[in-house]
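Scrolling down, you'll hit the structures one after another.
Two complexes follow with chain A in common, the first pairing it with chain B and the second with chain C.
Moving on to the complex of A and B:
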């Protein structure tokens, strides 16, 4: 054994034997510093800066002017596009979250019941989760295309040609079409989580229910769903957060159009920050801060309403 | 013991830093990399043009490397808007004259003493003059034209007047006849740009109002309820309702609209800036126009009682500016100058087939698209130019309304004339 490796083994062996809590603050900081610096630079600073910007107007030549709650007042009382974006985002969030979570549960139950070709279906349903938003967006723009899209081709094929339309080109269908693509992407994720939770359920409880001649519906509503409550709540909260911040897919598929019918709060923030021929990041920062507070409030309410007071034991 | 190793580790790291620092410093002093950001990554002729200028600078300045990062426009603008306020960003970058906020914010420097202005057309330089100082080097100039399929027009039994310009009634008739023949009259889409859908209505407004009132309209000083504006919108609505645009107008992207026009499924017309050539004149297997495509150029239609039917939009497009935070101002200027020599101007015309702000003594056009360029020049005879496009004249809420209403909702058939007027006035008209 060389001298170097002997020394290294000595150091590592002794280090392992040392209580890390006894290490000096300086040493701990030295090891933590890279991660802390990275976190501070790329997470803490941008957040703090956004809060700071939200109370300021950034004028030409980099002049920063304190405007107090002026930005927030303009957003809440004089910005109809913001409210349009809020309405779209709310609709998107509520519908897509419910369909995503309970659709995922249905698919999981289908696989749990050992439907024919369950293995293949699991792969097919989960594959969209692995795709990036860009890919999903491009695929669905093609599917919805009026002239050469699959959606209209199917309608035509089954004799419903009268319903062919420009799915992303009309305000009455655009948001629902984007929602469809988003649900397609995330349904498989919820399915997999539910499937894992279903397989973790205690077999004796389900077996006892079967011995008691409990039907599928009763078993689902009185045994399975109550026992999956924690998973459902977690998925609802996660899905809710993701949809309140929806940006990528909307941006790729419609850019917020036509006529602001798919404008979400996130796309509006981006437009105000980068598309409006202005360097004023104050106003878009204020929208971002306001939306952050709203999301936080909703999460707190949801968690409070849905939390389980009596812990199930099994 | 762990505490014991901290000192040697720190000392080693410090030592390494001390040893490496002068090496890094020397590398920076000797080898300068000039960072350039450019849009138009998808246009091979322009990429070749700017890369050639970069290599020329490298030859003239040993030790200098010019690194061009190629972007699409929107991601580039987003990156610039993050980098510049932080005092970062490239040494020189692509910009168009409409983005005056970069000048007012002080992120680009005046170029009056840095550039050889003898090589630049004065009318093109003028576009970049603000407060008596010149901030950009104009490279690309273009005019708005209607490209059309000569054979298809002939098959429809329609003859283009010698002036190359239909009246508004004739144009509407062309749209109706084309539609009746089962062909899409105008290949246009707004899937990824905030302006192509407004070509027809914009050029019609320019001809009807004349340049002064047209400028007033898009700078908030003239109401969209003006009877002349309403007349133009009413005519445009007739064109739209006659089925002028493809059904996938809302999602068709700019590049796709080119392909739609000259290849599949084919359309009679494509209103576009004369930078059409950047996408069309590339090899067919890269999405270019077929070699035998019967391309023609016509004027936008004349409006009844138009104040200036010989007017047309001309604009300076691709230009380059220098970042105020650059440490290599002179080198950046050298790159801008290298792109602006008469030889490069000649190369621009002969390889890109597009007008330019660079002075280029080209009397006889050569190459496979010489006939096209001759016809394009023919369409410029007697033209009065209005410099600037609506998407560049508008800012903030009005710019957004222009993109959503005149570019998309109105030509997309989603809005009535009254709704369009109301929405545009709400966002643009300052009374």
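Moving on to the complex of A and C:
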């Protein structure tokens, strides 16, 4: 169509048609329907079905039996494995979240303080974030290998051979070892976000601090951390969600063993659904629902506690 | 203004930087070296150099196992899912950013609430649903799930960017007689290209690495995607460390290549959700 006829149609069309913000229902549907259909069918509906499942016993051959809050009662009061998994996940979440976020801040400050060739380092330090859990998991299984792993080799080299051990094979070290790998994968992510936030800080404030002969530590605690508060909260929440749901790396490295020492809520859900011969999808669904509610509650508490204090203006 | 450090303080800083570079990059280097050595050589000295370099191990890994199948499955699933989620997400984002209509806030809330849905809450029901509609253990089923679960993030990033495109541009296009579809295709898409590129790289990396949905929804060996394939390969070649290292490298190299070219975009994409 030529530009002229287009223009003519534009002029001749009624006023409503030239309001670029108005749209007919058909048009809206055309734009939104694909997204809504996919989303409704394979995200909203599954969530609703999981909630439905959690109040039922779902057995093979489509046998569905209403059990009310029976699943939840068993989980809370008669399932020691669940509580073991909760304990592991809680420990994992608290430690790994704190180390990831504040370690990431440390790395970001390191680059921000103009470490030599910071641009290149930033790219290298971010690399683990891009690797799949399978790649990271296999690499770390090797690092922790008793016979030829890097961890024991380093201990041997620096004369701490007495501490050599089977890192993933022993219940007292397995969870910490998996945690180490998880932290290693995500540190770079937190670093990059902090770095972006640091560069967005107003230069005058840091400059003024410098003029006042403010030391590095004081500058960090009195200026940088308060000004980064929003970023810190965001990252704490993001990291918290990720760790509370941790599955892949645990599954790949230890499968929850040895002796449930690395069992997390997510791996337990998976096992109850597909590995154990309980043949009931209702029970693991109830665990997933319960855990989701707990996560939401914690997010609400965290954002309230951390955000509402006196806001910094700059 | 950036903080400056006295020269004396730069030494520990540089030392720490070097230390963390080794910690974060070292393991990859180790795998890269091992991928060129045979298992016998590795067991003799796990940290030796790759001499002679056994390049033929790459063709062996590719040909003598199902590796090429895993690789192509991943390519097919990820490509189709990324294209679909980008187009569908861009349409929805355009609609939410451009038009005023009753219920737009509800639709936005509905779609963006997907940002907080953990996969663990969906996975058991998705397993049932895909069984019901006969898409369980098919690549199509996995693609559909990937699209559905990544729409929220795609719309979130794109809508934020599309909303910043000046309205004048659209008014002018409307005056010129562009249809609404033309406006989407010839204005929003090209002007929003940087944001679209960001979501494409982000979705690509996430889906290329995705494990949980794949492990639950696929069972046949010839349907496995790369992450599952490596797991399987690792299981069946447990003691053949050299071969597993080669397999890992085949999975790492595409990501590293793309990262090498687009590191800025990928970093931006990965952090787009966290920085506001």
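Note that in this section the second predicted complex is superposed on the first by the 281 of 314 C-alpha atoms of A that agree within 3 Å, B and C clash if a C-alpha of one lies under 4 Å from a C-alpha of the other, contacts with A are read in each partner's own complex, and residues count from 1 in each chain.
FYI, a contact is a pair of C-beta atoms (placed from the backbone, for glycine too) under 8 Å apart; a residue touches a chain by one contact, two chains touch by 3 or more.
As the structure is a computational prediction, the values presented were derived from the model and not from experiment.
Undergrad: Is A:279 touching anything from chain B or chain C once the two structures are fitted on A? First, second, both or neither.
TA: So A:279 only meets chain B here.
Undergrad: Classify the contacts of A:231 with the two partner chains as first (chain B alone), second (chain C alone), both, or neither.
TA: The second partner, chain C, only.
Undergrad: More residues of chain A are touched by which partner: chain B or chain C?
TA: Per-residue touch count on chain A favours C.
Undergrad: Mind working out whether A:70 is in touch with chain B, chain C, both or neither, as first, second, both or neither?
TA: neither
Undergrad: In the superposed arrangement, which partner chain does A:123 touch: chain B (first), chain C (second), both, or neither?
TA: After superposing on A, A:123 lies in contact with chain C but is clear of chain B.
Undergrad: Quick one: classify A:23 as touching chain B (first), chain C (second), both or neither.
TA: After superposing on A, A:23 lies in contact with both chain B and chain C.
Undergrad: Does chain B (first) or chain C (second) touch A:166, or do both, or does neither?
TA: Only chain B; A:166 stays clear of chain C.
Undergrad: Where does A:271 make contact in the superposed view: on chain B (first), on chain C (second), on both, or on neither?
TA: After superposing on A, A:271 lies in contact with chain B but is clear of chain C.
Undergrad: Regarding the shared-chain residue A:87, is it in contact with chain B (first), chain C (second), both, or neither?
TA: In the superposition, A:87 contacts neither chain B nor chain C.
Undergrad: Is there a shared patch on chain A that both chain B and chain C touch, and which residues make it up?
TA: Residues common to the chain A contacts of chain C and of chain B are 17-18, 20, 23, 27, 30, 58, 273-274, 281, listed in rising order.
Undergrad: Quick check: in the complex, which residue numbers of chain C touch chain A?
TA: Those residues of chain C that touch chain A are 1-5, 10, 13-14, 16-17, 20-21, 23-25, 27-28, 30-31, 42-43, 46-47, 88-89, 91-92, 94-95, 98-101, 107, 110-111, 114, 116-122, 124-129, 144-145, 147-149, 151-152, 155, 167, 170-171, 173-178, 180-181, 183-184, 205, 208-212, 215-216, 226-228, 230-231, 234, 241, 244, 248, 251-252, 255-256, 259, 263, 266-267, 270-271, 273-276.
Undergrad: Could you list, by residue number, the parts of chain A that touch chain C in their complex?
TA: Touching chain C: residues 1, 3, 5-10, 13, 17-23, 27-28, 30-32, 34-36, 38-39, 41-47, 49-50, 53, 58, 107, 110-116, 121-135, 138-140, 142-143, 148, 150, 153, 184, 187-189, 192-193, 196-197, 203-204, 206-207, 210, 216, 219, 231, 234-235, 238, 241, 245, 247-248, 251-252, 266, 269-270, 273-274, 281, 284-285, 288-289, 291-292, 295-296, 299 of chain A.
Undergrad: In their complex, what parts of chain A are in touch with chain B?
TA: Interface residues on the chain A side: 11, 14-15, 17-18, 20, 23-24, 26-27, 30, 58, 60-62, 81, 141, 144-147, 149, 166, 168-171, 255, 257-260, 271, 273-279, 281.
Undergrad: Mind pulling up the chain B residues that touch chain A in the complex?
TA: 1-3, 5-6, 9-10, 77-78, 81, 84-85, 98-101, 104-106, 190-192, 246-251, 265, 395-397, 399-400, 403-405, 408-409, 412, 414-415
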